[in-house]
Amino acid sequence: MKFSFKNDYSEGCHSNILKTLLEHNTDQQAGYGEDQYSLQAKELIKQRIKKSDSEIYFVSGGTQANLLVISSVLRPYQCAISASTGHILNNETGAIEATGHKILSIEKEDGKLAPEDIIPVLENHRNIPHQVMPKLVYISNSTELGTIYTLKELENLSKFCRENNLYLFMDGARLGHGLTSEISDLTLEKVAELTDVFYLGGTKNGALIGEAIVINNKELQQDFAFNIKQKGALLAKGRLLGIQFLELMKNDLYFELAKHANQQAMKIKNAMQERGVQFLSDTYTNQIFPILSNDVIQKLSEKFEFYVWKKIDENFSAIRLITSWNTDDEPVNEFIEIIKTEL
Amino acid sequence: MKFSFKNDYSEGCHSNILKTLLEHNTDQQAGYGEDQYSLQAKELIKQRIKKSDSEIYFVSGGTQANLLVISSVLRPYQCAISASTGHILNNETGAIEATGHKILSIEKEDGKLAPEDIIPVLENHRNIPHQVMPKLVYISNSTELGTIYTLKELENLSKFCRENNLYLFMDGARLGHGLTSEISDLTLEKVAELTDVFYLGGTKNGALIGEAIVINNKELQQDFAFNIKQKGALLAKGRLLGIQFLELMKNDLYFELAKHANQQAMKIKNAMQERGVQFLSDTYTNQIFPILSNDVIQKLSEKFEFYVWKKIDENFSAIRLITSWNTDDEPVNEFIEIIKTEL
Amino acid sequence: MKFSFKNDYSEGCHSNILKTLLEHNTDQQAGYGEDQYSLQAKELIKQRIKKSDSEIYFVSGGTQANLLVISSVLRPYQCAISASTGHILNNETGAIEATGHKILSIEKEDGKLAPEDIIPVLENHRNIPHQVMPKLVYISNSTELGTIYTLKELENLSKFCRENNLYLFMDGARLGHGLTSEISDLTLEKVAELTDVFYLGGTKNGALIGEAIVINNKELQQDFAFNIKQKGALLAKGRLLGIQFLELMKNDLYFELAKHANQQAMKIKNAMQERGVQFLSDTYTNQIFPILSNDVIQKLSEKFEFYVWKKIDENFSAIRLITSWNTDDEPVNEFIEIIKTEL
Amino acid sequence: MKFSFKNDYSEGCHSNILKTLLEHNTDQQAGYGEDQYSLQAKELIKQRIKKSDSEIYFVSGGTQANLLVISSVLRPYQCAISASTGHILNNETGAIEATGHKILSIEKEDGKLAPEDIIPVLENHRNIPHQVMPKLVYISNSTELGTIYTLKELENLSKFCRENNLYLFMDGARLGHGLTSEISDLTLEKVAELTDVFYLGGTKNGALIGEAIVINNKELQQDFAFNIKQKGALLAKGRLLGIQFLELMKNDLYFELAKHANQQAMKIKNAMQERGVQFLSDTYTNQIFPILSNDVIQKLSEKFEFYVWKKIDENFSAIRLITSWNTDDEPVNEFIEIIKTEL
């Protein structure tokens, strides 16, 4: 079978997780997230973000986390704002709209939102009550394009949102990758300080399932648990989520795994740059979008799986390569070898 | 720590599941349910129900399965019918109503629906278009009270539903326990033949998470996958669900586990009946509801955890005891010893 | 054509309304409720209830008013409580559930709710977060059965709701009839003081369309207009609603019309009581439910239209008679004549 | 008071309507659209479109009609497609999303959709089940910009939709104006033949309230009445809607009124064109968007009300002028006089 660079959820989970699942398998625990592993994991996260009054909930996946947060936070006539590349806009089968809320899309090449992008949207939504009320800004870090927010950018955005009564919600499906990027100056503590809600993605970073929703804004904490149950997202065996985050948060394993994934992608990126390859976007996380000739793409696809992302012209296309917490040196080196041979 | 008879989801999962998760942990697999384990597990279920044209989807939990099926099957103005004890009515935080659908409740002592229960509901809902249109009959087997449907009862109900253009949906959160009850004459094949949709519950029968939704009615199969994604129920690592059902379906492990749980409950029931204990309902599955004096309940609660279910009078209450796939002889025998001593 | 006692919306509207519509027909006015008639009508209502800080919105009908208020007031996981006879439960095609909210039903013979009815519902909904959170109490005055609340009853209920963090919402589709009942000691001012929201029904009391939603609780006022637009309930020509309520509120025409309807019903009731007729419920508004022999019902139905409401036994049934703002003496007297002849 | 060219719903309704309302005011009629006027009006419309098997429903307004049709037609995971100027996108407070459905927006200068606009949207929505399924094409005629579809354009679009299993829905809030435009070669019969659903707008063409939804596709007719009731759109006194459409459809009054409105706009347009005025879009209906200098706009606004629609540069802006069924020659001539004086 060919090695796949298609995504970061092709393998199972980090071995520590399976080991602990096995170790505590027959322990009886309270259900629905009241198990001791979940309670401990929440404590670890609170310590890590240095915010004892944040509330934390573990859910199964990213779409679930997004729809839970947004539908819980907004009143019926309020809407979310997202960059046009936002996962909630194009990749979640209308999950947000299915809860009754519009998403206003802002075209952005790099997948990142800044105050100046949002200002015109606010200005164009003042025909009360004939238009939805923009109320929540949805961002991803790293973004769907692999780009990241700097501390300064997030500070500006956060300040803008607070001044304009907008909630700031960060989709952290790949937050580990964003924060451990070699060019990132943002920290998890700062994310917790600057957002109203964010989540730490486990599924794409070494867990079997699981995202940890962190609600920092106290006014949004109330009664969140009801929404989790109502949307079918409350696992009877919450231990499955608790144990995973317990293991991932111990000794910063979560960040080590993400850093590893980033490094493997950077190795390929660097090898390509040395050969003059151009990229669709300049990323420093575990997603890269090199532009290659159809011939080279053909050669690579004989040994590897990946997505052809965007046709550039008759002879060139951008591909998307994603590395994971479990991507070994071997396929990376083999991939680089082909690049070196072909370019 | 006290041993808990509170529910059947207090422990982890059957060891075969963890073993296989470990064994295939680093295999790369397609995401979102397209992994080979899921495909194989679906095949096993189809063979077991002898219906190659049923469609099968794995989701995380019971509330999720219920809301997915009901919201997918009904048009906006249609509603479900449920016994008053139905899980969807009282224990899912309005999950069905949150998708826009009313549930009509029918008072039933034993938690089971028969055609004669449903007829008056249909007759009282003919003021078109001022009332919702009853369209789906929701039943559970075993029920929330531990009772079960006989083959004859299910045949009658199925026939009635088909004659009245009603869909029949069986919540199988404890289907294993229902079918392996010592008094059951119903089989999984018959369930598949007589219902439009049902699910095989994993969470309460040895899985970490997972319910297998089986759609038998072809007109209800179309596009179901969209709903799963839209409601946040599609796991990126579908392998987690696939491997669990693969192991549970192999050699009928699923039914062995349920049978074991039932037998442990019956041991306690029999010991109590020998001492003249009365029960709130006459069950033959893994849930029993003995009526005991407050003194005896007090004694038992020193060593065991369980729910006091219903006050009968000043001196007596019914308690609920649930045994699981993992309930060993030791706590069962110890419990019986106390009964023998105290009664 | 037979005269109909089927309901109180069989005729058009009070002539003052048509006269004013005609008089101002070609005046240009701002749209969407900003017309001067709407503004004046709101002022009149505020003066009448002696609450200058209530907010008033005119919408088209009762189901619309109910769904707007309830969906605006509740968070996704909260639910309404209603007597089992409540219009929202059985006569609105699941309109409330379609906005995502469950309604908990309380069996009541007389269609009225008291604190002691609600207490057990609250006690049975404390399994957080597995059950919906009761948050709004829905009552009707006069009720769907023609009964009414006394001042004392409403005070008790209001006090109870405030102590238990429940909103109290009065469906006033027939509020005029309730308040002008010969046995009522409740006033419109008191209704405004004791409820969080209520509405003054126009459709069943001399308007072509129109209910005036009055929001007394300031925390529920915010942004209500958005919901009206979003649910398709904001009329471009708000003047149609404004003019109607302007005319109805002038010189208490609204209450005169309701009183007239009540009086016509009472004439029939009294004539029947003199002949020993029993009633399904003891009403003093424009709805009466006499129990008559099939023979008498047959005789009456030769000249009049009405609903046969409930079969009592082989020989007797209750019928429902509704009188309106426009029910003249002639049909009433003719009806009474038949009663006198037949009984 | 200044004369307003702000919209076509500033006045009441055509006098024939008020006359008939008065004439039949005290007739008793069945409720909820079963009155004889509604039945007759539906017949007139069916004859006019020469489709006896279409089904017709009268509702109050455009947003209501749009949300009823779209939420009734689509399954939860399906979405609508609209030009970026579509009323449902920007002017209905997220009414469609509030029913659970996404709207995909297509940027179009002229507000009209053609097959070539839709093809790329379909091609970009094939990642099943991760994206919504495009299923309904929403168009307006005349559009929100005053432009219209030719017969050929509608035929092409209709053919494309049928080939691609898309429903075609025409918002006819200003259908009269579209069809009576001096450059239109489209007829009402053709609209009925080429669309699955459309509506005839009354509110903007001489009615107090009212849009006539015409469902031509038989598979979409079933049970539509339930949705009307559930969404709070079923008027108890359906006579109000029936009488209005009865009068509007008699002797093509509907089209005469629209034609009149168009002609008044064209007079102003022609006068402006003679003076060399440019327009934002080239319209032949009752909406025109002349580009004028700030000085001229200032002069006009001393005597007239209208919207300044779009800033062109420091010295020029486009204004929007809308004429109605009731716009007399006097204000039109007066307006033209100012133009002639100032330009």
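Which chain is which? They are A, B, C and D, in the order written, and residues in each are numbered from 1.
Going forward, a residue touches a chain if its C-beta (ideal position, glycine included) is under 8 Å from a C-beta of that chain, and two chains touch if they have at least 3 such contacts.
According to UniProt, the chain labels map to these proteins: A, B, C, D = L-threonine aldolase.
Everything numeric in this text was worked out from a predicted model, so none of it was measured.
By residue number, the contact pairs of C-D overlap by more than half with those of exactly one pair in A-D, A-B or B-D, and this pair is A-B.
Set side by side, A-B and A-C show the greater C-beta contact count at A-B. In this assembly, the C-alpha centroid of subunit B lies 43 Å from the C-alpha centroid of subunit C. Centre-to-centre spacing of subunit A and subunit B amounts to 34 Å, using the average Cα coordinate of each chain.
With centres set at the average Cα position, the gap from subunit A to subunit C is 51 Å. Taken residue by residue, subunit D touches two or more other chains at 76-77, 92-94, 98, 100, 129-130, 132, 226, 229-230, 234, whereas all remaining positions touch fewer.
For subunit D in complex with subunit A, the residues that touch the partner chain are 76-77, 79, 90-94, 97-102, 105, 127, 129-132. Put simply, subunit D touches subunit B in their complex at residues 32, 71-72, 75-77, 100, 128-130, 132-133, 223, 225-230, 234. Chain contact summary for the complex, subunit A toward subunit B: residues 1, 3-4, 7, 9-13, 15, 18, 21-22, 24-31, 60-68, 92-95, 98, 203-204, 208-209, 226, 229-237, 239-240, 326.
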